[in-house]
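One chain, chain A, appears in both complexes that follow, with chain B as partner in the first and chain C in the second.
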Partner chain A sequence: MLSFVSLGFILFFLLCFAGYYLLPGKMQWIWLLAFSWLYYLLAAGPGLIIFLIYSTAVTWCGGLFAERGFKAAVPVTLLLDFGMLAALKYTNFLVLNLNTIFGTHLSIRTLFLPLGISFYTFQTAGYLLDVTWKRCKAERNFFRYALFVSFFPQIMQGPIGRYDRLSSSLYTAHSFDVNRFQRGLIRILWGFFKKMLIADYAAQYVNTIFDPASAFYAYGIFGVLMYSAELYADFSGGIDIVLGAAEILGITLDENFRQPFFATSITDFWHRWHITLGTWMKDYLFIPLTLSTWMGRFGKWCRKHLGKTTGRAMPVCVANIIVFLVVGIWHGPAWHFIVYGLYNGLIIAVSGLLAKPYRTWKKALHINDKSNAFHLFQIIRTFILVNISWYFDCSETLGQAFRMMRASLHAPFFSVTFVNPEAPGQCLLHFATILSGCAVVFLISILRERNIDVRGRILSLPVSSRVVLLLMFVFILGMLGCYNDFGGFIYANF
Partner chain B sequence: MEQLLEILEDIQPDADYETCTTLIDDGFLSSFELLSLVSELEETYEIRITPVDLIPSNFNSAQAIYDLIQRLQK
Partner chain C sequence: MRIFKRLCPAAVFLILFVLINFLLNDALIPYQYPRVKIHTIETQTFDDLVVGTSHSFSAINPEILSSSTGRSCYNASVGSQFPRDTLYLLMDACRSHRPGRIILEYDPAYLVDADRAFVNERYFVQCMAPSFVKLKYFTDCALDSDFRVALMPWIGHRGELNGIRRNLQIKKSDAWKKYGIEPFDDGRQRMTQQGQMRIASSEFNPAPPDLNQFSPDEIQDNLDDLNRVLRFCNREGIPVVIVTTPIPAETRDAHTDYYEAAHKLMEDIAASHDITFLDYAWKGDSRLDDATENYSDLEGHMHEEAADRFSAVLAADLNTL
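Let's turn to the complex of A and B:
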């Protein structure tokens, strides 16, 4: 696999970069398409690129037919597109559950999941719906459309792109820009920092504690905090590399994170975490579902039987729970992912229903919800709720998640065993590296939360200071970085 | 307009609807509150709001919402 944190990827990107700026502007997108397909071939293998081309071809044709007013084009295309995802990703889950419920003996087949399938299927479906709803025009050139689907930095783990925004920078000619190159490079290095100094070390603790055969369930709280560090550093670090690489090529991708651990509610968390999945769900599922005719009828029924305030909120609550059920299923074919989605959906739905009484209680208790103390309380409350959700996300089964939760309730938070210098891979230096790395990420997050352009500040330093900073950064990565890339990036498996 | 302001105050009392022109852009109305508002507007004014109408410029101020209602009632 051509993981982002590998010499192979660096050489691959340098080759792409060099050719990209040597070629005439009109040829640049063709060069990118060639490298994108080559990347997929190298990363996923020749067998799996067929699925990528299938999804591209089906939605490209679907877009053209939808634009010409063929009403059947949308459901047929969505069925073909999501049908492939469902068949490859969810067939075995369905068979297993049918066997359990009905006592049948349907056989389980080994199915290979094409890399990035959940990302590109959603991206292509979004394009089709945008064309249908006249938010963008259908792309006439198959190969230009193919680049939108397969653009190589983002194909593995997003961000999930929108055609109207991405196409404006994907096909235009770009000349080399030193400032943009430096900004992109800083972002890539920042991604390496998160991945190599936090995620891959934290993964060692998480893998030990969350191993189904683990004897360390009692350290679940410590494990789940490490998972917070791992998941955020891994996913957002990967996205930093993706966005940085694209920026060097002059292409602007959507942001996928905005300091998620400063969120003040679960709703706010999903506005800051995996943003492109959240906005996809909002635009293509949540809004159409809430405004659908049958949901309108359901709203009228609720108004009649539950009163005005609850009645108008109920359709939104139900749509929200359905959306998060889909988010759970998107994460993987397993009950623990489904519960993970429902947990988030239920919290948001209940918060929405209780919004009015909540305001009354705050008034009655003289709570100043504009104070810093209340803001801090909201952040801590959300952090705890998010960490509870990680039990469902990280465990391998639903039963394991509940067993770990139970064990965590009456357990020592931490054991010196984990920082035992004799335990391979878990020495004190690694633990200290994670903590220091998290402290740096926390400080940078505060600056970004205050809208300070950290990269701009670095680039305003004298050249000598920038060189020293770069050498220090490379030295730290070289000396302390983890070079055990445990199966690449977590979200590349979705 | 008065009726609309009452509805808005009932759904989210923390915004100044007389002056605010960034209800969506600055997050005064969350997705949840926006869709609750849509449900209320559809019921009160007997209009049909579709996903195409759900753009920030239609909901960024009380005046913009009022204009949308007027348009959809025609």
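Let's turn to the complex of A and C:
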């Protein structure tokens, strides 16, 4: 209920927006908090809001104690916070593996996963660590902190917010600004465009090919390409709606995507894809790991036994592998997600180890790594590596992923109408819509990569042009956008 | 003046949106059965009201029921009518009169199939006279639906550009103004004044029925809606008879477990509400010929002659209640 593309959410948001700007500035954050909790109640159900309030209360108290110097505050709070996530999300996975490995007969329980738990748990943990490391002061007002945790546009699928950045706009009074409203609206419509014209159509192909019982698993290469389109359009489209809605309310959230398919390496990819998860991992896991005492000792041992260059790189490599193991686990309680994370971590680790040899080889081969051709090569190479990782992300089991990879090497020729052979015309239209949508996204991405403010350009058009453009856009969403197979947002299940 | 200047583009946008939407609705949305049926149940009174899916739409002849039972009867069934649609249809009917009895056709596919996708609701909501029931129906169904489907109803027919001319012609005709049934006659099937769809004997679609695994646990929403229908009728003091229309023997033999599970489920529901359940699908009926030739497809949509024979049998059984 209250999916971003539902009428209910539109009406809910309009109501929130209207009240927000009619109220005095001091009351605005209270209004937002009320609507955030109401949103969670309606979207997740009354039973599951308890987990949200639990996480809020535990980390709020933990922050206060940590600021006062109680050493046990951080480990205890993190245990309680992540413990809840682990218990709800990973218990059955642990039980299944114990049963397999040790032959035990532990039973699996039916556990409900509260909506957004993976996001708000990380957000609250980040707050606690920021307070501990004195990057921000602990929030004394429980309800102000609760708004930070539960702010409704972002609770379902991020971005993962930072208290020091978010608090500067979350609690201040905002007056209605037409320009900001228009910018937010354009962003929301852009999100709808990606979701409805690309993601939902691409999902039809992905679901058909990656169905474990599917006869089309040999079309894996086509499937992962469609998954690239689906996942990017779905996730970034959802984030555009979140950021646009927040912008309309005068609140600035962190960007979560920056043209990820223009990345020149897997490291660069993760600086552009799900940025807030990447920076969270960097700030709260990677840096503490690399600066830890045991990593320092490990580094010394490596320099002594493996040489200076390799020895210096090894701690960073190991830290990267650990970070991406956690990223994989974050994605879900299944071995294919863990392998997905490790795949990324290993590539980054190996790239780090081979950095010096790479430079030597490029010099020997007279490769100009500043040239456009090399830049294009890096982009294509990264795109291929990322698409290989989708086999693990999208499959239901590890075995299925490997089976599909093998079969993909011998893929037969096929027509895109295989998803619905009884309606080939419709299939072709849908496929054409995906391609056209991707072409538009590609063009906009190029402009954004060049730091061109696309929304600013649109807003600089005459009013009549803007009205016509908006009408055209809305009716394109109706005429061409997928609606039959609408199934929510992928990351809303995390 | 400043505020006017700011609001003007938004107002222009809204006016143009409504206008273009109106034109697209007019051009793309064809003349639909619900328009006639809802107008009929809102303006006329009936002793017996048949509600259900396309199965009862074709299978139950109200004229035969009337002549046998002596009670006026109307067939308000339409294809893709889910239990929630039935609920609001009945609530709408009860605004003007209380039917004497409801004959509720139960198609198990509509409990198993969770994908309601705001199909009929669009038409029902458009066609209903303004009322609290209409508002409740809209909020009950539309809030969870894609906002485009709610705000741009033509979206369901956007691929039917070939039908624009015919749609506009019909909407200018007397049939549209007077809720006539003539436009529904396409030579292969026609709708009667009493609401039955009569399918010519020459029609047959050999495609096997698309029956999902019968798992009532997964479609709690539809079951809840069905119970809401039965509770509503109980509150209004309207007796209900649940009916499952006959199916071809070929289909029954191929999906025995499915129909057995469906029968058991409805038997339990009917018993809990103290309602009669007449199941002509599960084990067939010796008074009826369940050969495939009597149907226009393997799902169970009956030809007109077979429907007449079934309606006579149904009327006889209703008379014994």
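As a convention for this text, the second predicted complex is superposed on the first by the 479 of 494 C-alpha atoms of A that agree within 3 Å, B and C clash if a C-alpha of one lies under 4 Å from a C-alpha of the other, contacts with A are read in each partner's own complex, and residues count from 1 in each chain.
One rule holds in what follows: a contact is a pair of C-beta atoms (placed from the backbone, for glycine too) under 8 Å apart; a residue touches a chain by one contact, two chains touch by 3 or more.
Predicted model, so just to flag it, every value in this text is computed and none were measured.
Visitor: When the two structures are superposed on chain A, do chain B and chain C clash or fit side by side?
Guide: fit
Visitor: So, does A:Arg359 touch the first partner chain B, the second partner chain C, both, or neither?
Guide: Touch partner of A:Arg359: chain B, not chain C.
Visitor: Is A:Gly481 touching the first partner chain B, the second partner chain C, both, or neither of them?
Guide: second
Visitor: In the overlay, answer first, second, both or neither for which of chain B and chain C A:Leu88 touches.
Guide: After superposition on chain A, A:Leu88 lies in contact with neither partner.
Visitor: Given the touch rule stated above, what does A:Ala66 touch, chain B (first), chain C (second), both, or neither?
Guide: A:Ala66 sits against neither chain B nor chain C.
Visitor: Applying the document's definition of touch, where does A:Thr267 land relative to chain B and chain C: first, second, both, or neither?
Guide: Only chain B; A:Thr267 stays clear of chain C.
Visitor: On the A-aligned overlay, A:Leu115 touches which partner chain: chain B = first, chain C = second, or both, or neither?
Guide: Neither partner.
Visitor: Going by the contact rule set out at the top, does A:Val5 touch chain B (first), chain C (second), both, or neither?
Guide: Touch partner of A:Val5: chain C, not chain B.
Visitor: In the superposed model, how near does chain B get to chain C, counting Cα atoms only, in Å?
Guide: 40
Visitor: Inside the complex, what are the residues of chain C that reach chain A?
Guide: 6, 9, 12-13, 16-17, 20, 117, 142-152, 154-155, 158-159
Visitor: So in the complex, the part of chain A that touches chain B is made up of which residues?
Guide: 133, 267, 282, 286-288, 290-291, 296, 299-300, 303, 308-309, 312-313, 315-316, 319-320, 348, 352, 355, 359
Visitor: In the complex, go through chain A and note every residue touching chain C.
Guide: 1, 3, 5-11, 178, 196, 426, 463, 466-467, 470-471, 474-475, 477-479, 481, 483-484, 486
Visitor: Which stretch or stretches of chain B touch chain A in the complex?
Guide: 10, 13, 30-33, 35-36, 38-40, 42-43, 49-52, 54
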